[in-house]
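Structures incoming, each one as structure tokens.
Across the two complexes that follow, chain A remains constant while its partner is chain B and subsequently chain C.
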Partner chain A sequence: MNFTLSEEQTDLAGVLHGFFAAGRRDLASVVDEVTDPVDLVVVFEEVGHHAVAGPLIETLAVVPALVGGLGGGAGLGSGAEHGSGAGLGGGAGAGAGAGSKAGTWSVAFPPVVPHAVEADHYLLVEGDTLREASPATELSSVDPTRRLFELTAGPVIATEVPTHAFDLGVLMCAAQLLGLGRAMLEMTTAHVLARTQFGKPIGGFQAVKHHLANVLIGLELARPLVHGAAVTTTTRDVSAAKVATSDAAWNAARIALQLHGAIGYTAEHELSRFLLQTRALRTAWGSPSLHRARVLEAL
Partner chain B sequence: MNIVVLVKQVPDTWSERKLTDADHTLDRESADAVLDEINERAVEEALQLQEAHGGEVTVIAMGPDRATDAIRKALSMGADKAIHVSDEALHGSDVLATAKVLAKAIGTVENVDLVIAGNEATDGRAGAVPAILAELLGLPQVTQLRKVTVEGTTIKGERETDEGVAFLEASLPAVVSVTEKINEPRYPSFKGIMAAKKKPVSTVTVADLGIDASEVGLSGAYTQVLEAAPKPPRSAGQRVEDGGDGGSKIAEFLVGQKLI
Partner chain C sequence: MDLSLDAATIEFQAEVRSWLATHVRPLSSMDTPDGFEEHRAWERQLASARLSVVSWPAEFGGREASLLQWLVFEEEYHAAGAPGRVSQNGIFLLAPTLFAFGTDEQRARILPAMARADEVWAQAWSEPEAGSDLASLRSTAVRCDGGWLLRGQKTWSSRAAFADRAFGLFRTGPGERHRGLTYLLFDLRAEGVSVRPIAQLDGEPGFAEIFLDDVFVPDHDVVGAVGDGWRVAMSTAGNERGLTLRSPGRFLAAAGRLVELYRKNPDPALRDRVVDAWIGAQAYRLHTFGALSSPPSGPAASVTKVFWSELDVALHETALDLLGEAAPGWRDGWLFSLAGPIYAGTNEIQRNVIAERILGLPR
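Right, the complex of A and B next:
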């Protein structure tokens, strides 16, 4: 079994890195037709690496999985867009591109609250029923780039929706957390090499090195779980990956904040975006305790 | 319309570039190698012209084995096929030899309507290859363009220089070089990256192109680098304490440097 990413996947990560670094956000132009969970993990690790905000998990991973799982050419096309009854319109563009082509999507899996940053379309999944939905009450998020809404259920679009769509969302969230952790480690490493105290860079002190080593170990041990879960896509593996990446990214966030001398608390510093997104994603798509329970159940 | 794009792999623009001690050629191992940014724009322009006029885009690169990475990048952006001229004998080639080899390589592509190059590579910075190439191929050269349009068998371009903008026109086939103002290169999509793997890349040697190895490389170069020294480290400079006469001290310094 080959555990490393392919050359193409590494290239994709490199392209996305340059893409986000250049300030581009129209992700669909680069990752159109990415459906394989491993490829998606590569995409979302880079999304996290740049703390890109928006309903990307839903639009690029979950909605295509929901639509694809409903079989054949069923596409969530223009029907939903114009609110003309059933959302499963005659749209031919099913599968991967469906979400991105028809605008952005937000999906709610109660009790998980949807995170909608100006999503164009809303869906609600209750058990195995997929409904149209519309945003109702706005809730507040710890991360100001996330806009949480409670959804009001609308007409039923389909029943017996594939259960793996939720797991795919969880997995992408795990990948995003991994990327966030990596970004915070990189920022912190750069900072401790530049910041001097007692006449030398603070990165030279053993206590600081230990902190950074712990962050790195946490992230490196979480990564194989994410990649493994992308291959098996079982509930147990996905939940385990989410728990591990939540812990690793959370630890990275705390260490980053401390080693930056707490400057990340202020919204003016770049780090704050990463801290807040990490805090939000840690409990998004199911809290660590929910996923621990799912792992326990599966054992 | 069949377009050939010339691409070069260069050391990353932001890295410190060095010369090797042995023969004063560029030390390609010391820095990350990337597709030269100006070539990304050349590829982008070719793809835009292809989208408008159809045809095929062929990428030609001359360089060591690792230049395949730069070729892959161009293919993943959307070019159709590539020719990689790779030969030990090419090591240390000057602009004339480079243009000669590229001209022969372009000759292996059928019905070329347009050759697009960047105006100059970020490592060599001679900026002469497109012009020499046009001369060798006997084609009109429309260089340093910020805008390119093709109408029928005519190519029109805007050349921007310090003196102003020149509006140029030539008949196809022609050789074109573009500046960084020409466009914003696209990012390869995942689909493009996957497709690039399957696109044909033919690797040729100088012998395959019918060129004698002695005409190219270090030995065939018209100039020789006898000695090279690294740029001296920046010295600390001179500090003037302002005791009320700071202005006149600065003036004295500038007079001493013959600046005023």
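Right, the complex of A and C next:
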């Protein structure tokens, strides 16, 4: 029994925090070949912590797992012969660990994940069948930075896709929500310390304190579920983590908005990016209701 | 990260499980005179198997179990539906204080008797005018030949009507509020002590008021330094809020029972609450595993206290909503859960602690 992050994992979070805070987004230059789920949730908590947009879950975790799990026989479209090099490395030539197709990847799992986030390349998983796909109709998301597409099915790549790829996507989404919630708690704590009304910081009022204490409790008790699911990778634990982080992060968003007041309701304030992404991710990779059903079924 | 149990812990788990399977039997409410004695006998049975205080040193009746093993013990204990611990205030609140602040003489005299439930301890913190604001307490201890004389009134003391001894804070001066307080132990049957039972929600005398009229306490029953009682007591408060008093085992067992209950009475409108109760218990369990290297105390214990107490209420409320008013097997647990957000420092006080000491908001 050792249920704490290693020094290397803690360092990784610190490095990523500095990296994103400096405005950089080329993840592949700092992390490469990350396949361990615990390492991945550390990465994705920081992705959320900085509200980094884009198809990162798909490119860095899900597609490598899909393709890597196929073994040597399957190809990823033209020139991508196999995905044995699955891993985190969104940069040059490693989009899906697939060799020749550089850039970002997105994947839909209808009906649970009906649409794909905008990316350079698309995949579609229907039942056990993995297909190439191309974007068709564009839909708008509650988060305007997320461009969504209905996909048109293309050629079949494989007929027995690894089932853990979807769960990995759910878990990364949970980790990202945790990071988003933490960011909004930090942002709001700073705001209530700085914002003065009635002659004192509003953070001195008990109503404000209690709101933020509840946000902290929700996030602190959601994190062990994310880490635990990364260790066990069972459907039950992954779904439990998604339920808890969806609720904790969305509560963080609501309280953040309430305590910022009108400034938080503006597009110019950075809270808007975090709040809208949280709302989108809350139902991405399966709604809380779907994941509660999966937990109950597994019990 | 690794969630697996080592061989020694698995062996210990098997021993505990098998012992409980052959010994657990239903007892009457420990908040009644007869039930209290039944629970005392149960504690002695546990002690004879060296299972009453597994984490303590062997010399005091324990078996030096690791914190992980203690958690495993608790999971097994609650999963088996074993009786409530009538010794809990002593074992979980006073004993940690004695390990940290007591003398060798106090530990040798008090702990073995506590482990066998020969002496059952009650807490004596609150007073009629000192609840959340405990530092405003007014009961005094006045120096006398060879010890102290206690005078004042304590209240909301759980099972003091049946217990043997009590621990609490008394004003010895000089200074106000947190200063000039001393942590003292006293005999509930000593001359000058009057105990008046108070019926709780269910009508059973689970609480008591304690009236103290020049009750003599010898010097050897002062814990820690005279005047240092606030610091000594707060170490106990952290234990009460943290995992020692409310291990995840209680909630894991109840959540498991709730899921079973839902399967027999599947009301779809209550599905989310059932699942959330299970997830909450699992979250607290994993959080506790994460804290094994540094058990929560102080502000971190406030985080868990709010969480487990609200989880407990939600869990039992859901069971009652599934079952209706008769609620066989759930009524006592439900009643007890309602007290959780109040005792060990109200959840409002805990939220203040979290906001001020973790988030750094102004006092």
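Basically, the second predicted complex is superposed on the first by the 262 of 299 C-alpha atoms of A that agree within 3 Å, B and C clash if a C-alpha of one lies under 4 Å from a C-alpha of the other, contacts with A are read in each partner's own complex, and residues count from 1 in each chain.
Keep this in mind: contacts are C-beta pairs under 8 Å (C-beta built on N, C-alpha and C of every residue); 3 or more make two chains touch, one makes a residue touch a chain.
Note that the structure is predicted; figures quoted are calculated from it, not measured.
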item: Which superposed partner A:192 touches (first chain B, second chain C, both, neither); value: second
item: Which superposed partner A:18 touches (first chain B, second chain C, both, neither); value: first
item: Which of chain B and chain C A:201 touches, first, second, both or neither; value: second
item: Partner chain(s) touched by A:8 [first = chain B, second = chain C, both, neither]; value: first
item: Contacts of A:221 with chain B and chain C, given as first, second, both or neither; value: second
item: First (chain B), second (chain C), both or neither touched by A:266; value: neither
item: Which of chain B and chain C A:140 touches, first, second, both or neither; value: neither
item: Partner chain(s) touched by A:29 [first = chain B, second = chain C, both, neither]; value: first
item: Which partner reaches more residues of chain A (counting touched residues only), chain B or chain C; value: C
item: Which superposed partner A:39 touches (first chain B, second chain C, both, neither); value: first
item: Chain A-facing residues of chain B, complex; value: 72, 76, 187-191, 193-194, 197
item: Footprint of chain B on chain A - complex, ascending; value: 8, 11-12, 15, 18-19, 24, 29-34, 39, 43
item: Sites on chain A touched by chain C in the complex; value: 1-6, 38, 185, 189, 192-193, 200-201, 203-204, 206, 208-210, 212-214, 216-217, 220-225, 227-228, 230-232, 237, 240, 243-244, 289, 292-293, 295-296, 299
item: In the complex, chain C residues that touch chain A; value: 1-6, 9, 68, 259, 262, 271-272, 274-276, 278-280, 282-284, 286-287, 289-290, 292-293, 303, 306-307, 348, 350-352, 354-356, 358-363
